[in-house]
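Two complexes are shown next, each including chain A; its partner changes from chain B in the first to chain C in the second.
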Partner chain A sequence: MRVLGTRVGLLLLVLGAWELWAGRQDPLLYIPPSKVLPALVRVLRLEAYPTLPEHLWLTLVEVLVAYALAVGVGLGLGFLLGLPRHVGEIYEPILAGLYAIPSVVWYPSLMLFFGLGPASKIAFGFLLGFFPVVLAVLTGIRSVDRQLLTVARALGAGRGTCFVKVILPAMTGTLLAGLRAGLALTVVGVIVGEILGARAGLGYLINYAYGFLRTAEYAALAMVALTLVMAIDGVAALAEGRARRWAG
Partner chain B sequence: MRPQSPSQDPAVRGTILVMPDLPDIEVLALAKRWVTRDQTVPALEGISLTVAPREFLTVLGPSGCGKSTLLSIIGGLIPPDAGEVRVTGRRSAGPDPRKVAMVFQDPGLFPWRTALENVEFGLELQGVPAARRREIARGLLEPVGLRGFENRYPRELSGGMKQRVAIARALALDSPILLMDEPFGALDEQTRLLMGEWLLGIWAKTRKTVVFVTHSLQEAIMLSQRIVVMTSRPGRIKASFEVALPMPRDLNGPEATALRAALWAEIRDESLRALESGL
Partner chain C sequence: MGGVGPRVMSGATRRLAQLGSVGLLVALWEAAVRLGWVDPLFVPAPSAVARALVAIGPEAAGLLGETLGKTLAAYALSVGLGVGLGLIIGTLRHLYDVLNPFLVALYAMPKILALPWILLLFGLGTAPAVVYGTLHGFFPICLLVVGGVRDVDPRLIVVARSMGATAWQVYWKVLLPAALPAVLAGLRLGMIFCLLGVLVVEMFGGIRGMGFLLSAMANAFRAAELFAATALVSLLSVGAVLLLESLNRRLSRWR
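This part shows the complex of A and B:
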C-alpha cells in the first residue's frame, strides 16, 4: 500500500513537473500532459486514426510470427549445437559476438531482402528475439550439474531419458528467462522495424504522427505501444509462472 | 540372477549350499589412463580383484590414486582401456541398475524433486507404477530417519540427510551390489561415524555386496570385512587385510589400533608420494 502510494506520488510529481516545464516551451515540440490526455482520448475513440485496430492487429501478428520463428529456430539450433559435447563451446562465442553487434545495422539489408511490408518486420523481430533464446539454451545446457547426469546414468537413464528427466528440468529457469527476454526483444524489433520504414502497423503510425509534428498524438500512440508491450509481457510472466510451477 | 534373500526359500538356499558362491564382482588386469592435451596419465594399472557375495570390501588409498575411477569402471560408467570387469558372472557393458547401485560423495540429488521423488527416480525409469514406487520410497525413507521430510526439497535438507536420501535412492533399486564412492567424505567427523553405524545396520539387514571407497582409516576399520590398499598414481593394489573383528567394533581397542598402524604403514608412503607429486 505504501509502495503504491509512493509510486502514485512520484508519478504525479513527474507529470506536474512536466506540465509546468512544457508549458513554457514551443507547443509544437513540447507537449504537456494536459494536452496528451485529450489526444489519447481521440486516439482511443478512433477519431484521430480510424484504422488503429488494423494497425495494432498487424503489429501483433508480426510479433507472434516473429516470436514463433525465434523460439522454433532458437530452441532447435540451441539444442543441436548444445547437446553434443564441445560443439556448443565452439559456436557460443560466435553467437554471442553476433548478438553484441547493434542489430539495427542489419535492418537496411533486411528491408532490401524482404521489402517494406510485414516480412522485413518479422525478420527483424526474429533476429532480435532469436539470440536470447539460443544463448539461453546453450548456457542452460552447459550449466547442468554433471553429477546429476552421472547419477541418472547410474540409475539406468539412457541419453533420451537424461535429456527429458535431467537436462530439461535442470535448465528450466535459464530457458524461461531467455524465452521471456526473447519475446521482449521481438516486440522491440517489430516496432522499431515499423518506425524505420513501413506502410502499416503501430510503429508506422507513431512515425507518421511524429513526422507531421502531431506531437500530442505521437505521445498518445507511444502510450498505446507501451500498453501493448506491457500486456504482452504480462501474458509472458503469467506463462512463465505456470511453466515454473509445472517444472517444480 | 542371484536370489536376493536366500534364507526365505529353502530350495534356493539348498542350491546355494551345494554350489560354491561365485564372486559377485571380478576385476581382471584392469588398466585405465587419462589422456589430456599434453600428457597421458596412467590412472589404474593391472588391477585384479574379486568380491564375494555379501562381502563388505573397502578400497583404501590416497587421494588421486584412481579408486573412484576403479569404482566407476565397476559400475559401468567408464569403459576400461584394458582388462575386464565381470559382475555376477557377466562382462559388464554400461550401467546395470538391476545389479549395481551407486552412491557418490556428491549426493547428486535432483533439486527440482522432493526427497521422496528423488528416491523414486530409479523405479520410475524401470516403469514401476506410481503408487507402488511411492510406497517403496516411503518404506526406505522412514528407517533412515527421514520420516516427515518426504516432501522436502534437497535445499531444505542437511548434508547428512541428503546423503541418506541418495543412499535410499540407491537402495530402492534393490540390486545385490552397492558401490559407494566416499559417500560420507563431505560430512563432519561425528556425522560420518554415525552414518557408518547406520550403514552397517542397513548392510546387516539387506546383506548386499558392498564396495566402499574411502581415504579414512577409521571408516575402513569400522565397516569392512576386507580392506585393500591402493598405491598412488598409477593405482595398483598394494596390500589386502582381512578384518575379523566382531561388530560393533571398538575403534580404540588393541586389535583396531594394531590394524590402524598396519594400514598406516602401507598407506603412508603412498600418501607422501601423492603429496610430493602435487596431487
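This part shows the complex of A and C:
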C-alpha cells in the first residue's frame, strides 16, 4: 500500500513538475498536461477529428490482418522447418540472424512494393509479428523431451498422435509467449508504418496533428493509440491465461 | 518425427547447407528476374543490386558513418545509464518496488508515439536521433540488468561484506560479474535497438544518414539502390552484433 502511494506520488510529482516547467516555456512545444486534457476531451467527443472512429477501425483491421498472416505463416513455416530435425538446425540460425537486423530497414522496400496504403502497413506488421512466432515454434520443438517421444512411440503412438499428444503440449508455454510477443510487435509495426507514411489510420492522424503543430491534439491522439495498444495486449493476456489453463 | 534433442549435424555440414541454401535463393532470384517472372522495377536482380552497391558506395559510406556515429553515441548513453541505473535499482529494494512498474510500462510503450514530440523538442540535427536511439536502447538494458542483479545470490553479497568489501567493491567485484550474463544480453539487444531508433528518426525526419537514404531511394523508385542500401545497413547491424558476441565470450572468461 505504501509502495503504491509512493508510485502515485511520483507520477503526480513528475506531472506537476512538467506542468510548471511547460508553463514557463513555450506551451506549444512542451505540451503541459493541462493542455492535453481538454484536447483529449475534444478528440474523444469527436469534435477535433470527426473521422477518428474510421481511422481507429482501419488501424485495428490492419493489425488483425497482419497478425493473422504472421500467426499462419509463422506456425506453418515453424513446423515445416522445425519438425524435420536437420532442416531446423540449418535454418534457425539464419532466421535468428535476420531477427538481429533492425526491422525498420525493411520498411522502405515494403513501401516500394505495396505503396502508401494499408497493404504496406499490414506487410510491416506481419514481418515484425512473424519472427517471434516462428522462432518460438523452433525453440519450442527443440525443447521437447526426447524420452517422452521415445516412450510414446514405444507405446505405439503414430506421427500424428506424437505431435498432438506429446510435442504440442510440451511446447505450449514457449509458443504462447511467442504468440503474445508477436501480437505486441505487430501492433507496433502497423503504427510505425502509419506514422512513417500513410493516408489513413491512427498513425496518420497523429502525424497530421503534429504536422499542423496541434501539439495538444497530437498528445491526446498518442494517448488514444496507447490505450488501443494496452487494450489489445490486455485481450492477449486474457487469451494467454485461458490457453495456459486449458493446456494444464 | 524429429526436431528434438541434441544436434544431429556437424558444424561444417550445417554451415555448408546454410551457404548452399542462401546461394540457391540468390540464383533463383536472379533467374526469376532474367526470365521475366518478376518486374525488375520492383525486384531488381542480385547482379543489378551489386552494380548499384558499387554506384552508391562512396555516398553511402559517408552516410553509414553518420548513422554509425549517432548509434554509438546513443549506445554509449544507453549502456552508461542502463547499466548504472540498473545496478542501483536492482540492489535497492524500495527503489525497485516503486520504479519497476514504470520501467516495464515505458519499455513496452511504442516509442514511435513520442517521436514527433522528440523532433519538435530537439530539432532536425543529430540530437533527436541520439535521444530517440537512447530511448530505444536504455529500457531493455536497464531492465535486463535489474533482473540480473536481483537474481544474484544474496549470500554472495553478505559474504563479501563480512570479508570487509567496500560498497564499490561489492558492485564491481561481486554484483557486476554475477549479473554479467544479463548485462551482456542487454548490451547485445541494446545495440540493435539503438540502431533501430536512429534509423527511424532519419527516415521520419528526412535527416541525413542511412535511414534517409533508404526512404529517399524508396520514394524515387530506385529499387536496386534501395536494396543495396538495405544490404549495407543489415551488414552493419549483423557485424555489430557479431563483434559484441565475440566480446561476450572474452568477458565470460574474465568472469
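The rule is simple: the second predicted complex is superposed on the first by the 241 of 248 C-alpha atoms of A that agree within 3 Å, B and C clash if a C-alpha of one lies under 4 Å from a C-alpha of the other, contacts with A are read in each partner's own complex, and residues count from 1 in each chain.
Assume a contact is a pair of C-beta atoms (placed from the backbone, for glycine too) under 8 Å apart; a residue touches a chain by one contact, two chains touch by 3 or more.
No experiment lies behind these values; they were computed from the predicted model shown.
Novice: Would you check which partner chain A:226 touches, where first means chain B only, second means chain C only, and both and neither mean what they say?
Specialist: second
Novice: Of chain B and chain C, which one contacts the greater number of residues in chain A?
Specialist: In the superposed model, C touches more residues of chain A.
Novice: For A:155, select first, second, both or neither according to whether it touches chain B, chain C, the two together, or no partner.
Specialist: It touches chain B, and chain C stays clear.
Novice: Who does A:29 touch here: chain B (first), chain C (second), both, or neither?
Specialist: second
Novice: With both complexes superposed on chain A, which partner does A:51 reach: first (chain B), second (chain C), both or neither?
Specialist: neither
Novice: Would you check which partner chain A:88 touches, where first means chain B only, second means chain C only, and both and neither mean what they say?
Specialist: second
Novice: A:105 in the overlay: touching chain B, chain C, both, or neither? Say first, second, both or neither.
Specialist: A:105 contacts chain C only, not chain B.
Novice: Chain A residues touched by both chain B and chain C?
Specialist: Common interface on chain A, chain B vs chain C: 145, 153.
Novice: Report the residues of chain C in contact with chain A in the complex, numbered from low to high.
Specialist: On the chain C side, the touching residues are 1-5, 7-9, 14, 17-18, 21-22, 42, 94, 97-98, 101-102, 108-110, 112-117, 120-121, 192-193, 195-196, 199-200, 203-204, 211, 214-215, 217-218, 221, 223, 226-227, 230, 233-234, 237-238, 241.
Novice: So in the complex, which bits of chain A are touching chain B?
Specialist: Interface residues on the chain A side: 145, 147-148, 150-157, 161, 165-166, 169-170, 172, 247-248.
Novice: Spell out the residues on chain A that touch chain C in their complex, using ranges where they run on.
Specialist: Touching chain C from chain A are residues 3, 6-7, 10-11, 29-31, 82-86, 88-91, 93-94, 97, 100-109, 111-113, 141-142, 144-146, 149, 153, 159, 162-163, 167, 184, 187-188, 191-192, 195-196, 203, 206-207, 210, 215, 218-219, 222, 225-226, 229, 233.
Novice: Applying the document's contact rule, which stretches of chain B touch chain A when the two form their complex?
Specialist: Touch list, chain B to chain A: 75, 77, 95-98, 100-102, 104, 106, 108, 110-113, 121-122, 124-126, 166, 169, 173.
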